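Following are the structures in question.
There are two complexes below, and they share chain A, which is joined by chain B in the first and by chain C in the second.
On to the complex of A and B.
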């Protein structure tokens, strides 16, 4: 006697998940920290084209309080504070984005170079140890002092300010990566890769870099915020971009004395914009570069 | 999460601070300024020093301490807020009780008063002669350049006896400016006996000694407390030759922020506020209990030198075009809020007796005229240049923005370069800028001095450091020399004509655009009387009283 077992020929596939509104909203909510920065970026890009008045030409009487044609009032020169606050986003965001990108990239590369070679003998070891001392020196001097010195030599422009701040902010990124490299290079998978025949540059690029660069990437948003604040500080010290180029720091600087006598608008509005930009980038950075545990 | 909380907390703190500082106004209660008869003066940190003949520092602050001169300009009541103003066309005795001028107008004989220094030493001719020896001998002294060509050598001074000496000039035309010079800040008389006791081989004129020992003259006050960058206290000198001042104590306090200085004055916590912004000055016009220091004919100018040693202002037509591209009314009304005015393009005092103001180009904002001149000059539009301003002068930055905005229609493309004060001073002296804006004043108000101070040449014919426009014009030099050599009294119609010939060249060639005359930036509580306007912009506390 024989028994026959028949089975239906249905394919074995994973059940389809239903795309529900709840799921969409939950996903959207999880990305909420990124939305403010998207708005800030949008304003930075289109701001100068949508402002009602020229941000660099005299628009009306001086020290007008907010209202009427001047939503945020006018400053002591007769420039429109609303137009300047919006237009300033481009300069500050541009400088901060470039600074963050350069400092993070350079920091990762330097951190890798130092971390992989500082204990070696030979030329690479000497170079790595020399770079460590250079980083120590840059971090020992206050950031604003370095920025002032660099700007005094090369003059003020978006490029010179970006370069100055990238020099100031790279050492910290490099240190973070170096510390991570020192941990990562002793991990078991690195040994396994070596035993599999990987060496030198290929090993660093394929195994160390992806695992050691996370601290710098997580920190990039704070570098962004720091760049905006240093630009603002230089503007406050009177060595920022050429006047009347709109930039939050210089606006806060010139508006601070007016605020003390009740003319608050030329100080408060750029200060609010500055706080929103820095805070939103910090939140976005935490969301984007948060490492998954395990 | 921790970092996020820190950021949010910092943002809230920053916003709270901003709102609180923005909403803070003056206190409603009257302050305690000047209790016990003292007067409190709030001033920005101007790096005070008492050492004279040590660069440009110390000249004005020392006016009330070391600053007694042989003669001085008398004061006259302006009829406004009890303010006294110098009559710069006249002189009265001070440390010299009398003087005679020789028939050839080249030698002046001075007779000294019975004055006693702050250290108790009697005034003698030796003090006068040693004071000038120090001015010529100290390597850091600026007096030789400022007093040239009227006083160039110690040989001009001759002692007759302890109370009598003479000064001989090279030419009679130097007489009027000589009097102007010895009545002002670079001609204070020092207590030579006191200073000579403190000379060293390193400090042969006791210049360094006087940085910390300010009481070395014959002025109305002594310094009884000095904390650099913080405060200075002046106490009335009972031995002062013209009688002890009525106000016994002046307390200067350094308050860097001009808004704070304004609030202190409004609340009564300060009696006098210096270096206020024009908008703050304008706001005080409607504030009870305060008054503005208003000068009948202020000597402070906002000026825009256009340097002739490089393009584009090496061409006279381009400079003249720029003079037509300046929005004078907007600067006067929107930057200086009516605390400035412009009578004409001219520079010399128009209220001086005998003044001739004919033949000047009347530069007004006229972009069409500016473009016409640029076309004649054959330059392509827009004409691009950098306009430098000092980061320490916010009013100049605001004026620069106005000029940049309005000059576009006149064919100029201006980039504003804001530089730190030290770099600005260097660029100004070394003539490295294309154009710059500054607020400045000539202290000695005689035609010869005023026309020379901003156009002086080095012995080799090159522009001197203070030749703001780096301008060399042979016709101007000749006209000045002719007036200098032929005019002894600058306040006659003949003198007016002679100086007009020189001033006309200066104004029409436009090496410096004289934008407007600026009123003093000092305000005070209205219970103070006898506040003085002086050409050195300082207050002579010997004239003031309270209540």
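On to the complex of A and C.
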């Protein structure tokens, strides 16, 4: 009890916060959920330069167990699992980063367009209502199935996979922004801005956009995870990035047949990497958007 | 007399239609949505790179007549508009053409494979929703119990461990290491002969044939795929269900029941009743997850279902097969969502269109 009183006095008399080791440590600790993401990103950037062996060339004898020169062993074609797991981070993270940037931006714009025009008469209103239906339709069919259809057309390079992922993951972002736009539209400050003479496009950009885009931004870390997972799923199904390009999904796919005969390593390590990448982004997202009140 | 009865009769029909509008519009929207999806698929399939005719002729020089014949069989002859007309007519009559890879009828193969996929998805779905119901209620009713303390973080991890990782892990542990379950190679023991086809569902067919050995083998082969689907998708479901229950508990009607001295049972029934629409809506989402998961699981366990067919179609750029696969999956998904919508509108009349406007 006395502690809280003295603290509040301290706040009243001395608004400047003391810099203490304890405070720095507390702040550092409170940001701890974000650190794994930093590590994952670091590995994605420098990974291909720090790998001990080539990730795409046969490095040694096949089916070596972990240890010695091959930290994580070698797979059934003699590729080094450690080097590939590290190098794969770049491909998977690149696709996921680009996808969450594109899907979030496109989702916010689409959500604004739909939300602001949906109840209108005229062409824009029709376009908006048509788009709602298209988004619903895209979301009704399983993401993996849409992904399969898209890669058949756009092919399987990093860029085309990004395009496919963006098409799959934009609808959800757009729908969340749209819901928020519909709420925000009826708020008092929008009426105030209208009365102050602001209209149409400027009103949307200046008042609706900043207030209605947070659901998509908050969801961006989950989009990131989903993009990695779908990319890896395609790789696993054999329709994603083609081997020997290092990619966790296709590595797990080759590892699966190894694991079925007892050689667990070529499956376990890329799987762990995949789970860490997805989980670290979900964790960081939760920390970054933690409500002040909660 | 008749002069009065006819307009009155017409009037009654209009009134009836107005009253039934909430479900009629939804049912009528299904073919419209499917139509738009088919339009998308039509253009998507035509955008697939490469020349399908060259694939079918194997790069050999063939007569112009033969090429024309191939184009016709692929639905690629004539202008885009007439192609589109033929395409729609074929879809309505369930004629998706022949596969480019093995020449078999696409619809024939899909309808052969559909029951197996549906069986897998439905079994996993039933188990998953039953588990969610039990776990969700436990977590909410006894928030301090050990189970609740485990379940809530479990729901939070939703989706971090993908289904294919779980699948490989399961095979490694239960087949490779401990030899508890059969090899991941298809529907049943390959040495057994399949039961005569009655319903198409492997389990039911084995049951009808009275072949207990086959039935047991199919069950044993289903354990891991079903477990993978259930474990991968239940947390996602549990998260949604927990949120729905908490919202329902926090809503004013709960406070009113408690304040007016209702028994615990009545309060809980009221909470459950108000959470029911969200729980039903969740089933639609779950079916979508399962259908997506089945594609992966079938590949992993070499089960000859629809998902495997779709993946092979993509791998070989088999246009007619891909077309049929996409439209069938879309039709099933839309049908499930329609059912969920209708059940929800029966449970919660406020969701019916037309009524919302009067309320607000």
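What we mean here is this: the second predicted complex is superposed on the first by the 272 of 294 C-alpha atoms of A that agree within 3 Å, B and C clash if a C-alpha of one lies under 4 Å from a C-alpha of the other, contacts with A are read in each partner's own complex, and residues count from 1 in each chain.
FYI, contacts are C-beta pairs under 8 Å (C-beta built on N, C-alpha and C of every residue); 3 or more make two chains touch, one makes a residue touch a chain.
Nothing here was measured: the structure is a model prediction, and the numbers come from that model.
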| item | value |
| --- | --- |
| Partners on chain A (chain B, chain C) - clash or fit | clash |
| A:259 touches, of chain B and chain C: first, second, both or neither? | both |
| Which superposed partner A:62 touches (first chain B, second chain C, both, neither) | first |
| Partner chain(s) touched by A:133 [first = chain B, second = chain C, both, neither] | second |
| First, second, both or neither for A:202, with chain B first and chain C second | neither |
| Contacts of A:42 with chain B and chain C, given as first, second, both or neither | neither |
| Touching partner for A:144 - first (chain B), second (chain C), both, neither | second |
| Touched partner set for A:77, first chain B, second chain C, both or neither | first |
| When the two complexes are fitted on chain A, the stretch of chain C hitting chain B, from 115-123, 133-141 or 187-195 | 187-195 |
| Residues of chain A that lie at the interface with chain B and also at the interface with chain C | 152, 237-239, 256, 259-262, 264, 267, 271, 275, 278-279, 282 |
| Chain B residues within the chain A interface of the complex | 3-4, 7-8, 11, 14-15, 18-19, 21-25, 257-260, 262-263, 277, 279-280, 283, 330, 334-335, 337, 389, 391-392, 394, 397-398, 400-402, 404-406, 408, 415-418, 420, 423 |
| In the complex, chain A residues that touch chain B | 56-58, 61-63, 76-79, 152, 222, 237-239, 242-244, 254, 256-262, 264, 267-268, 271-272, 275, 278-279, 282-283, 286 |
| Chain C residues within the chain A interface of the complex | 33, 36-37, 41, 44, 47-49, 157, 159-162, 164-165, 167-169, 171-172, 175-177, 183-184, 288-289, 291-292, 295-296, 299-300, 310-311, 313-315, 317, 322, 325-326, 329-330, 333-334, 337 |
| Interface residues, chain A side, partner chain C - complex | 133-134, 136-137, 140-145, 148-153, 155, 225-226, 229, 232-233, 236-239, 249, 252-253, 255-256, 259-262, 264, 267, 271, 274-275, 278-279, 282 |
